[in-house]
Amino acid sequence: MRLTRKVKEILSFYESDNPGTKANLARILMNGRLGGTGKLVILPVDQGFEHGPARSFAPNPPAYDPHYHFQLAIDAGLNAFATPLGMVEAGAASFAGQIPIILKVNSSNSWSIEKDQAVTASVGDALRLGCSAIGFTIYPGSEHFDEMVEEIREMAEEAKAVGLAVVVWSYPRGGKISKEGETAMDVAAYAAHLAALIGAHIIKVKLPSDHLEQPEAKKVYEEQKIDISTQAKRVAHIMQSAFHGRRIVVFSGGAKKGESSVYDDARAIRDGGGNGSIIGRNTFQRPREEALKMLDTIIKIYQGKE
Amino acid sequence: MRLTRKVKEILSFYESDNPGTKANLARILMNGRLGGTGKLVILPVDQGFEHGPARSFAPNPPAYDPHYHFQLAIDAGLNAFATPLGMVEAGAASFAGQIPIILKVNSSNSWSIEKDQAVTASVGDALRLGCSAIGFTIYPGSEHFDEMVEEIREMAEEAKAVGLAVVVWSYPRGGKISKEGETAMDVAAYAAHLAALIGAHIIKVKLPSDHLEQPEAKKVYEEQKIDISTQAKRVAHIMQSAFHGRRIVVFSGGAKKGESSVYDDARAIRDGGGNGSIIGRNTFQRPREEALKMLDTIIKIYQGKE
Amino acid sequence: MRLTRKVKEILSFYESDNPGTKANLARILMNGRLGGTGKLVILPVDQGFEHGPARSFAPNPPAYDPHYHFQLAIDAGLNAFATPLGMVEAGAASFAGQIPIILKVNSSNSWSIEKDQAVTASVGDALRLGCSAIGFTIYPGSEHFDEMVEEIREMAEEAKAVGLAVVVWSYPRGGKISKEGETAMDVAAYAAHLAALIGAHIIKVKLPSDHLEQPEAKKVYEEQKIDISTQAKRVAHIMQSAFHGRRIVVFSGGAKKGESSVYDDARAIRDGGGNGSIIGRNTFQRPREEALKMLDTIIKIYQGKE
Amino acid sequence: MRLTRKVKEILSFYESDNPGTKANLARILMNGRLGGTGKLVILPVDQGFEHGPARSFAPNPPAYDPHYHFQLAIDAGLNAFATPLGMVEAGAASFAGQIPIILKVNSSNSWSIEKDQAVTASVGDALRLGCSAIGFTIYPGSEHFDEMVEEIREMAEEAKAVGLAVVVWSYPRGGKISKEGETAMDVAAYAAHLAALIGAHIIKVKLPSDHLEQPEAKKVYEEQKIDISTQAKRVAHIMQSAFHGRRIVVFSGGAKKGESSVYDDARAIRDGGGNGSIIGRNTFQRPREEALKMLDTIIKIYQGKE
Amino acid sequence: MRLTRKVKEILSFYESDNPGTKANLARILMNGRLGGTGKLVILPVDQGFEHGPARSFAPNPPAYDPHYHFQLAIDAGLNAFATPLGMVEAGAASFAGQIPIILKVNSSNSWSIEKDQAVTASVGDALRLGCSAIGFTIYPGSEHFDEMVEEIREMAEEAKAVGLAVVVWSYPRGGKISKEGETAMDVAAYAAHLAALIGAHIIKVKLPSDHLEQPEAKKVYEEQKIDISTQAKRVAHIMQSAFHGRRIVVFSGGAKKGESSVYDDARAIRDGGGNGSIIGRNTFQRPREEALKMLDTIIKIYQGKE
């Protein structure tokens, strides 16, 4: 497997990492149909932890089976599959070496009152299960933000020492942030920047709206005439906030929605210079054939063919 | 690199430290255009963590790129560059050995309700990234002060054992301290003294005003006729409070402001016997050429040429 | 250095301690002009942490310099010098072996709302800095008392294993204790007894008044006709409460006051069988010559010459 | 300190190392009069351990003092100073930050019957003393070679994790190697290659002769017509054996000898593409002025001026 | 206890040590009748381990009692007492704080076939017993030299971290060294230098003869015309070999011998600039009064009075 010039350039941004971490990033970047393009589509399946099984899988019952998701990610030619410990354990041997796995090491659940997540797996788990990365969610704005940061700080140091990559889901919520503010442009850019500053290799944020939440930030956006009028421009601003594009950023699609909306999102990510999509419910809650077709289209969008 | 008499004198104040820590202090004191004078100008870039990327970098968009700051500090001939983990990781290899790095190991953010900071990096990170020091913020006055002190106590002991230096940002806030009180003379002197007592090698405080916040302290300042009528005299009183000048103290300039105000600050620091400036937004939020010109003037002020 | 019969007797009370701890107690008891008498005068300089530098040192500006205090304690012929980490670090090499040091490992500050102290140093720090003891403050009565006790429990166990002595400042405050009650006879005796029970080798309390704070205690003092009518009798009662004199107790002088009052205190401590004085502000806030003269008189009082 | 293109190229060869190790390599490569050229002159003073003090220092008695060597290396503008623990301890604070130190962590002595060395210092010592690298000798050919390799393996892993560089002295001896074979072309090339293979950043070997020791190797050298007819060509072959020049190799001069011979060696190293000289007895056994003059000439040779 | 100028100068040589180690060196240097002069007399009692009790103590039966030796060292006004674990344990509490103790942590016995010693105590023992230093014997020349060095390397690093001093007995024997060679000038100088290089604070060697053992060394001594014609000159050469006098060296007297011979040795040590004597059998094998008289004379010799 020869790395493309694009992937080499991306790897060069991770200049403080050891070859183990670089190799795992390379595996993710080179896998699947987008391998080598610098673009990624990742399948995340942690909805069961957050919303329970029926809300997650009843619309497409074969998805109750962990193997279903491994197979879907492989068959669709995706870059990686991200999921919590138990689901990795349920398929990691059968699919060993077939798709890069991101072990999601913390998760929240429907009954959480606090804006916090439980740590559910370790760096050691990631190694024994053959994962390429750990995934961790932080909640900027939450009163538990500091604790979450201190947890990932320790796990990230450990992960980097043993050659794993670190993926951070940066989801603003709680505290003074309004519901609309969770996806506000200023908030999302800030969330991406925080993830970069705490040492994430790959950052996952939600696609931002053109809302501006924080008064002091709003003033700056207006004074500096930062153009956030289109989704693509907003994606570009996120990339800028992620160390001027030196960190890989993937965007999540959120709740299940119409196909064209999903494709529009992907086109905006592509046009804004984002690295790709992390797309869960919109695929595994659809019948397999439909999901494969949708993923095929998304991949083609990132390839510039749609 | 031969040490100057001045630097040797400063190093002699750190009489309990091992040669490793002394060597790192020497590296900071001998680097750049002020190398050897006992004066320092440090570039801190942690605004992104505290205020988000747009508020920090939109006024000068090249500054979104971490490499911009490493290069600015080097080209301006500064003594050191201070920034959080992710930004160090993004440039530490490209600029290895080119400028002493202070790894800022805790940070706050705009949404924090508590006057506290999250620990975001470790002594191990500082070693693997080739840093000369760790930097840690304490908030005297805050209800989280004790926790913060206990965090830095443990990290400082570890850092000193492996030959790193310890820089403490001592920023009074929270609790009973009024907004005006945060930079009050008595409060700032107390903040510097606290940092010295917990074992800091380099202390960062804000330039104090002539306001006196605490009634018991006010009484003493008046009784003892402590002259705090000029900025230079206030700086001198801070130095006195930092073990009679046995600890290096640098002063921060605060929010972006007019050039002449920045220069007046530097002259007061110099005339009061302070060790220098730690100046972030006032430089990286200006266009590079303007920032370099400003830093050139500041350096000349410390050299006694302006 | 031959131990006197008196010092041997005192050391015999510490029958469960290892020779390392005994040697450090002996060093403290044998040092200075009172060496060998079983009496002690200790210089504590933690006012800067508690009240800030100006309130502590402005009345006698040379005292801003940590070396001033080391030299004062040595020149006055005192038994030991007690101070927080940073001040020890600033002089421990210059004065290595010249005076026993008690590393004060926790401290409060003027802004503390809670009746608690931050831990600022470790047993490892005490060893590397050549200290003879760690010093720790507890606040009987405070809602944080249990935490403080648990902190010193752990540190004391560690200190005793490596041959250090443990000094406990026992200062009742907070909770249900009235301002007057903080120095009440029953409260002070209780505070001394608590310190003894948690394993202190040397106990520091304030000189008690004849006030009785706790109704149940008051009843007993009256029923049993405990004579607390003079300061010397109150000191004797404290000694009784400190394991019948099996623990060293030193008394603090509090805020700066008139000379004759200081001498009266010392005579009462001597006559009541107390072990000595821990006297800070009353010495370092006076000009050096005056302080040396005062300490000379205090030492003569303990020697029975004044 | 801006790195030169040459130094950046050399650092790029150490692609698996963390920025800490790169920074220490950069410090060595950028220090002194050859700083930035990619050439190095290192002062090693471990003769006292190997041959005793009189044989080492009697010809130039001021050299009995450890400070003499620190000062000589600094005044001559060398890149680094390499010596065992005690000599580092005797000067590391006085010369903190003035010259990169290589802590020699194993040493042999005149009475050793075994071809082995004692480990005399640790990675922790290197950190507390502010060293840039550890130095370790292996004896290819010795019956103790495997043990020595296993010792440096463990220390090198630890050193690399904390950002230190690793220098390996590779000196064939013992076992089946003849006296003449110790500097044979095939043996020296093999020794350099072994050091590279066990993970050395900087390799020290002796200048090879044109003797070929091993029959199987001799056959290949002859068949492949490897030109080893001049010292420069032999140096070039060593560089080739050190990963095609991807590892820094410095050559030792051996016992004290005539000046012109020393200069001829340096020219051959330069012309063959070697990185420089590690030159001990030939300098410190001469009077200081003579040594400085000789080092000046050697530096000029590497600068291409002589 | 105020340090003398001489002791301050000696402490300045230990520039890489922490204040704890400096304080313990100061305690040894300031104790007893020679306190402050930079001269030392140390009582070592490890003969029982080496030769058995009768050979050690039968000539003076009170010496079977460990307390006898503590008391002798105190009554004679010596600087320190050095002995193995059990003897320290037998008296450390009774004599706590009365005399600095050097815990001898390895020992040989009469039945040893190997030239090696057993490690019999730890740094933890030294701390719990209140010792100021650990003492360790190395046998340069022995086939076990490397193992011994590796043992003390590890213990010394640990001791220095907790503020203890390290005393090394450097006794050449075994291997190729002849009986006469054990005290040969070249061998003794080499032994002192090796102890300095492995990081000893205090070095103990035997007084050398004018024999030259090693042919290569002999050549240098003759070529360089090193004057070793008198005992004082030989002592001076040892001091030179101990980092040009930067390390404390004490000389042992060997087996019991005539008084005038003991005094001649002391005068030679004094005149050659040595730091003092470590004198065991010659004192404890004599009746107490005789021993005290002899030690009194030795002390007077070091004071320049005899």
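When the chains are written out, they are named A, B, C, D and E in that same order, and each has its own residue count from 1.
As a convention for this text, a contact is a pair of C-beta atoms (placed from the backbone, for glycine too) under 8 Å apart; a residue touches a chain by one contact, two chains touch by 3 or more.
Being a predicted model, the structure only gives us computed values, none of them experimental.
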{"item": "Selected pair, greater C-beta contact count between A-B and B-E", "value": "A-B"}
{"item": "Rotation in the CA alignment of subunit A with subunit D, degrees, nearest 5", "value": "180"}
{"item": "Length of the line joining the C-alpha centres of subunit B and subunit C, rounded to whole Å", "value": "36"}
{"item": "Distance between chain centroids, defined by C-alpha means - subunit A, subunit E (Å)", "value": "67"}
{"item": "Euclidean distance of C-alpha centroids - subunit C vs subunit D, Å", "value": "57"}
{"item": "Interface hub residues of subunit D, defined as touching at least two other chains", "value": "18-19, 92-93, 124, 128-129, 161"}
{"item": "Overall pattern in which the protein chains touch one another (line/ring/star/complete/other)", "value": "other"}
{"item": "Touching chain combinations (by label order)", "value": "A-B, A-D, B-C, B-D, B-E, C-E, D-E"}
{"item": "Subunit E - residues contacting subunit C, complex", "value": "1-3, 11, 18-27, 29-31, 74, 88, 92-93, 96-99, 124, 127-131, 161-163"}
{"item": "For the subunit A and subunit D complex, residues of the former touching the latter", "value": "15-16, 18-19, 161"}
{"item": "Of all residues in subunit D, those that touch subunit E in their complex", "value": "48-49, 51-55, 58-59, 61, 64-66, 68, 84-94, 107, 109-114, 116-122, 124-125, 128-129"}
{"item": "Contact footprint of subunit B on subunit A as seen in their complex", "value": "13-17, 140-143, 145-147, 149-150, 153-154, 157, 175-177, 186, 189-190, 192-194, 196-200, 214, 216-217, 220-221, 224, 226, 237, 240-241, 243-244, 246-247"}
